[in-house]
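First up is the structure itself, then whatever we jot down about it.
First chain written, first letter: the chains are A, B, C and D, and each begins at residue 1.
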Amino acid sequence: MFEYLHLMKSEAMVLLIIFILLFIKLGKGLPNDTLLSVVQLLLLCTVVVSFGFNDTGRIFNGMFLHNTLVGFQKGILALAVYIISLVCSNWFRQTEHLAEVFVLMLSALLGMFLLISADNLLMFYLSLELSSIPVAALANFDLNRRKSSEAAMKMIMNSALASGIMLFGISLIYGLTGSLDFAQIWGQVKTEPIHMMAFVFFFAAFAFKLSVVPFHLWTADVYEGAPVPVTAFLSAVSKGAVTFAMVNVLAKVFANLSGSWYVLVVGLSVVTMLVGNLFAIRQDNILRFLAFSSIAQVGFILVGVSGQNDQATVATTYFILVYVFSNLAAFGVAAVLLSEAGITRIEQLKGLYTRSPFLAWALSLGLFSLAGVPPAAGFFGKMFLLMAGASKGNYVFIGIATLNMIISLYYYLRVVRLIFTSADKDVASLQVSRPVMFGLGICIAGIIFTGVISWIYDHIQSLV
Amino acid sequence: MNVEPGLFHFLVIGAVLFFIGIYGFLTRRNLITMLMSVELILNSVNINFIAFNKYLWPGTLDGSFFTVFIIAIAAAEAAVAIAIIINLFRSHQSINVEVAEEMKY
Amino acid sequence: MNTTNIILIPLLPLLSFILLGLGGKRLFGDKAGWIASLAMLISFVLACGVAMNYFGDHSADAYVGKVVFSFPWLPFGNGLKINMGALVDPITSLMLFVVTFISLMVHIFSLAYMKGEERFHIYYAFLGLFTFSMLGLVISSNLFQIYIFWELVGVSSFLLIGFYYQKNAALAAAKKAFIVTRFADLGFLIGILVLSAEANTLDFQQLMINLSSPEYTSAAGEFMGISVLSWGLALVFIGAAGKSAMFPLHIWLPDAMEGPTPVSALIHAATMVVAGVFLVARLYPLYSIAEVGVQSLISSIGAFTAIFAALIACTQTDIKRVLAYSTVSQIGFMMFSLGIMSEDHLGYTASMFHLFTHAIFKALLFLAAGVIIHYVHSNEMQDMGGLAKKMPVTHIVFLLACLAIAGIPPFAGFFSKEEILLNAWNNNRPIFFIALLTSGLTAFYMFRLYFSIFWNKPHHEQGHGKKEGSWFELIPLMILGVGTVLAGFVPFGEYVSADGKPHHAPIDLQFSLGPVGIALLGILLAAWMYFKASSKPEKTAAGFGVFYKAAKHKFYIDEIWLGFTKGVLFNLIGRPAAWFDRNVIDTLVKGAGSATQSAAEGIKGMQSGKVQQYGLYFLFGIIIIVSVFLFTQGGR
Amino acid sequence: MNLLWIVGVPLLTGLAIVLAPARHARMIALGGAILQMALVIGLYFSFTHEREVGNVFPLLFEKQYQWFPSLGFSLHIGVDGISVAMMMLTAFVVVAGVLVSWKMEHMKKEFFFFLTLLAFGAYGFFMSMDLMVLFFFLEVAVIPKYLFISIWGSGNKTYSANKLALMLMGGSALILVGILGLYFSLPPESRTFDMVKLAETGIGFEIQRWVFPLVFVGFGVFTALFPFHTWVPDGHSSAPTAGSMFLAGISMKLGGYGCLRAATYLMPEGAHEYANIIIVLASIAIIYGAFATMMQKDLKYINAYSSISHCGFVLLGIGMLTKTAITGAVFQMVSHGLMTALFFAIIGMVYERTHTRLVAQMGGLLKVMPFIISAMFIAGFCSLGLPGLSGFVAEMTVFVGSWETKDVFHRTATVIGAMSIVVTAVYILRAVGQVAMGPLVASGEGVDDARWYERWSVIILIAGILVMGLAPFWLYELVSPGVEIIVNQFAGK
């Protein structure tokens, strides 16, 4: 029993919060402010628990695998949720169903924890569904916004299709290998057409979750329509979890196909970066813009994944950490702007600097980091991804990736420029509440220090 | 015409079901029908699993268990989806998929 | 020989430049001129001392060049280095004396002449810089060092010519002077590069030794059939021709009169224009071993410039312009004399002698012209006339100078020009005849000038109380007048010769008859035409017709150059380059941007907002991937 | 002397600017800049002292700190004479830049913060001996430039800022691909980013062959390598005064230094392979830039185009691959940095007073602002290579070095380069003459001359120009051992 608790401490913690919330809901309930503070506190505990005392072990007949790296990855995800709970606190405070929102969100988080710990296809499938169905429901939580329900519909429909196709792939894998265990499948997969077809079907689900082109089309619509915290959750937490899982599965299960999936990853990476960038250039809605920018980022993550070695794992984990900070800084500011000033379009960012230097800086730093501009951590993140990718010696691919970095710089800088341009007319200054400031502060500190302090990277390296 | 049903037949049925489901998903305009098409896809997977379990790997019950879980999850998914569709109906007064195309480009 | 003294000679004017330039009006006020003049006086005294010291030293049987000090200023990686040093030899001593003397005269003259100018102190600062540059140039011990001061001379002439900076004409003239000489300096620079690479040194003395050594001469390379050494020397000569206003690079000099008149005196007499002659003289040993083509290039350009400028001078009406063309012509004399090589190297001595005498009387002429211009407030000849009575001192010194430049014995110009002509007669007859003709023309236009200013028609202006000029102006004139009379008697050949050994140039009176006769003829012609106001000049001019018109328009050389710069440099190269940059290269960049934009616009249909289409893309994605896999990887 | 202080001071200055109230920003920035200058001058003296006492290590004050050790990086810092020279240039320009912007009102806190950030990047760049660290600092210095132009700039600033940032980033992308390629092409046991080690072990010719052009062109973009120079005119003309000073004075030097340190030093055979192409491109840049300048009407465009021409000399010197020519390239970097910063400072001052930058609308300004215009003359004369000022020293060294190689191709290139000195004279005199001389224009009536901070900014830069121009042996002694090490790389092969 103790072993279960020890290895599943993050999951147990999340489960505990969910139950606490349900019990509170069963009783009289609490005012939103108090409830939010409680949740934030508990989430902070989860973060601490997840990062600390990690050990290696398998439970449930080997279906659940925990090790130090996975522990660290769970920590990143928990941290991301904690930051979301801070930076989006305006929205949380105003929502009618705060407890439900968190129950759903934490269920999804639980699913993700299980997902990256999964060592069995059944476990994998269950946790993947657990991590996606609640999010679809969450997307609908701006109950009176037409766009919100449209987003939820698009998400659930697409993800149902995706999981159907993935399941078809899983069934083929099962049929071909006779096992659902990662370790056993590993030896059985061959470079034969039917194997590869199964792999592609299976891989499509990852591609869908990660919004890899051409499986990305739901992303922008959902990001735009869903409530900002959900979007932030989708873009940071969900993406991170799926990336971890994908790196894990590709390396563990499909190592025999590595020559094939290298080509696949490289091709998809190029297309994803290109399409994401090209769409991002012409967006004028902030959230849609961030959606496409995160698609382009996914393309970049794939560059690292293509490295197919330990360094690729380290680089992607590191990048996700950086990406959480950068992306949540951007989403956090977007959330504040939406709730305080009703700003949704990029043009309206004009004069943001005069309205609130803090928000302006947080957003700019986030965008710089996303663009990969030093000394922001994103620079290091991207560089390590490129290094991981370059170890294969495919420099044309690396060249294309850097070219895409330039294109992305164009639209990130466009936004930054608007932030610092003076507004046409006088606008009221914006107040930033304390939790938001704290959350953004964490992001800023993360952006600045994750990069230049090489200790973090070395720590991740030591975990592999 | 007394053919013993074998793995091949089940797989064909599974594949046919799968493509019918996909066809339905892509062509039906009614969201509920689309959802039903998704169920078809899931069922085709179920057939696959069962067939594989029975004919190829009868030693363990992995496939059968998987099927059970898929059925359960499909129910959950359908529940959420229908809730979302209901909400969509409230805001759009229709469950036609074409009414929800506001966000694009 | 005192090293400090030699260094101080150029440094004192530099000091005056720095003090006046930085301290300006605030510190010195009207005393600026005195300070500068004092510095110049000390310099002059030191220069005299150096010259006497040097020429008085008879310990060896020849005057040899001595490098009195030298330090590496800029080493290059390949063993070459620019040394800053001082080389003292006969021509350096001579030039130190000439430059400081003329500059001192100009300094003193300007005390009165420039009085009341708003930028009085700046003027003196620039004079100091100019003198410094020229002095640095003449003591240079290193080919690159001479280039450095060469450029400084150019820029200080720019500053001085443009002194009246609010006049557009001054600006144009200053620019022209700088750019034209700069253009020529390109040749000089490449010449330096050629020579230094050949000789592996930049120091003059080593340069001469290395390049004239038999080992080098036997191994010397060629480029396009001409030896590299000759290429280098010819290129250096282009630089010299630019500074010395040789045809066709002479165009800047006449315009340079836009500066204050004393500056013209300095430029024309002692500094800028003789720098080219000095450079060729400095490298004379090399020129004397160069191919004949280079020598005849120098002599023919010199001779052509001499007569060409003389012809133009006959037609000009602005007195400073006439003097300017006369300078061009006289420098042509010096140059061709250097180019005519002979066994005894008489041309060298003659050229230097002429440089010496010309400096004195040309300074005199310009300063006198300055006095006259101040008196009548005009540069034009027709505004003058009948000034002989009004300006007695000026009149006399001007006459002396005219006689000197015309080559009438016993004035300074006679002796030097005689030597030049004699050398030409002995070694190059065609040039001799050109030079003889030029002498006649010189006498004619100088006396045309003289008669037009001082006689011709009575002076109308009722300026009774008007003074001729202050003593500060007249005393330098008188000193220079005395110099004009006496300079010719200096036994020049004793001191300055190509090999440093005393050289006795005999005056051949029989030979002198020709040139003097021609000169007298020119004077008489001028007297006949211009002593009294008459219509004779117009008639004569009409008689020459087109030729007169062409000469009056300076043979359209300015227009040709202008056409070249405007047409070729600006319109044919500059404009296309700028256009290319803005329209081709920039368009490529912009094109990349707009291509990205339109690509973004082109693929937007993908994101149609339709769930089912998204599903379709999803499926297509899978199908494409699978089929790619099956086609490419499936076989393996 | 610990070199980390030199990057630390701008960093601390930046931090102080962020934390202190906006009204103190300029004081802090100035104090920091002066402290940097003092440190760098101190560095110079301790450097020469070390050399005098016989320390012949190529790199002095070398330190190696752990930084991403698992990836083969290390914070390896150290200086040779070239670095010291470049850092002194940076220090001078930074002080002058801060002074020139003394009256900056709009978002001054950020302005000075970015200034110090740029300085931080530049110092770090010049002292790093690790390719990745070098790259990091190079990138640090890019984005502040973008913000300078897009926030404080003028004219078509959006376009210019984008062009600048994207082209420079394009350059650094090439560098990155090159560096990564270099790293991973090496056998695993000798993989390192440490330049000293790389130079020791040597890089195979097959690798150099394709990595060298990437790295060289990448840095070349920064230093206006034809045809990647097109960001230069737009970027400079739109930037605020201090921005232009930094851009031309320091940023373009990053490229030249990188070409030398990261490309030529590490890959001598590659340099040999491509030297002729470099020479051709540099010659084109020199003469083409000069002619294009001749047709410009805006003072900033004039100086920007002339920068293309002048930076061509840097590349020409490097392409010639002789010791003298490379020394000349380093000289030219220092000289051009000082001179062009001075020129931009002056243009800014003139613009502030007359509200125009069009040459045709100015005239006779010498009368009303003698100090500023005299400084402009000095800048102009320096640009056209007047002896006694730094430009002459640099150009002549390049010419002498280029002439060393005795074949028609190299010499033709030299002659083409030398031709530009005439064209330079033409455009400088046209522009400066028109601005300074002639009748005074109406816009010049009643304006005042330089104020104290402007005076000091100008004086500092002129002092640098004069010191280098009058006593070049001093810089030569500093730089030449460093150049020798680079050249020995060729000699050894």
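Just so it is clear, a contact is a pair of C-beta atoms (placed from the backbone, for glycine too) under 8 Å apart; a residue touches a chain by one contact, two chains touch by 3 or more.
Since we're looking at a predicted model, the values are computed, not measured.
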item	value
Intersection of contact partners for chain A and chain C	B, D
Chain nearest the global centroid, as defined over all protein CA atoms shown	D
CA centroid of chain C to CA centroid of chain D, Å	36
Distance from chain B to chain A - Cα centre to Cα centre, in angstrom	27
Distance from the mean Cα position of chain C to that of chain B, given in whole angstrom	97
Rounded Å distance between chain B and chain D, as computed from the means of their C-alpha atoms	65
In chain D, residues with contacts to at least two other chains	162
Two or more partner chains touched - positions in chain A	153-154, 157, 161, 165, 220-221, 410
Residues within chain C bordering two or more other chains	604, 607, 609, 611, 615
Listing of all chain pairs that touch each other, if any do	A-B, A-C, A-D, B-C, C-D
Of chain D, residues touching chain A in the complex	66-71, 73, 107, 110, 132, 136, 139-140, 142-143, 146-147, 150-151, 158, 161-162, 165-166, 169-170, 173-174, 176-177, 180-181, 183-185
Contact set on chain C toward chain D in their complex	72-78, 80, 82, 144, 147-149, 151-152, 155, 158, 162, 165-168, 170-171, 174-175, 178-179, 182-183, 185-186, 189-190, 193-194, 196-197, 565, 569-570, 573-575, 577-578, 580-581, 585-586, 589, 593
For the chain D and chain C complex, residues of the former touching the latter	162-163, 167, 227, 229-230, 233, 288, 291-292, 294-296, 305, 322-324, 327, 364, 366-367, 381, 384-388, 392-393, 396-397, 399-401, 403-404, 406, 414-415, 418-419, 421-423, 425-426, 429-430, 433-434, 436-440, 471-473, 476, 480, 483-484, 487
Chain A - residues contacting chain B, complex	121-122, 125-126, 129, 133-134, 136-137, 140, 143-147, 149-154, 156-157, 160-161, 163-165, 167-168, 170-172, 174-175, 178-180, 220-221, 224-225, 288
Partner chain A, residues of chain B touching it in the complex	14, 18, 21-22, 25, 31, 34-35, 38, 41-42, 44-45, 48-49, 51-52, 56-57, 62-63, 65-66, 69-70, 73, 76-77, 80-81, 83-85, 87-88, 90-92, 97, 100, 102-104
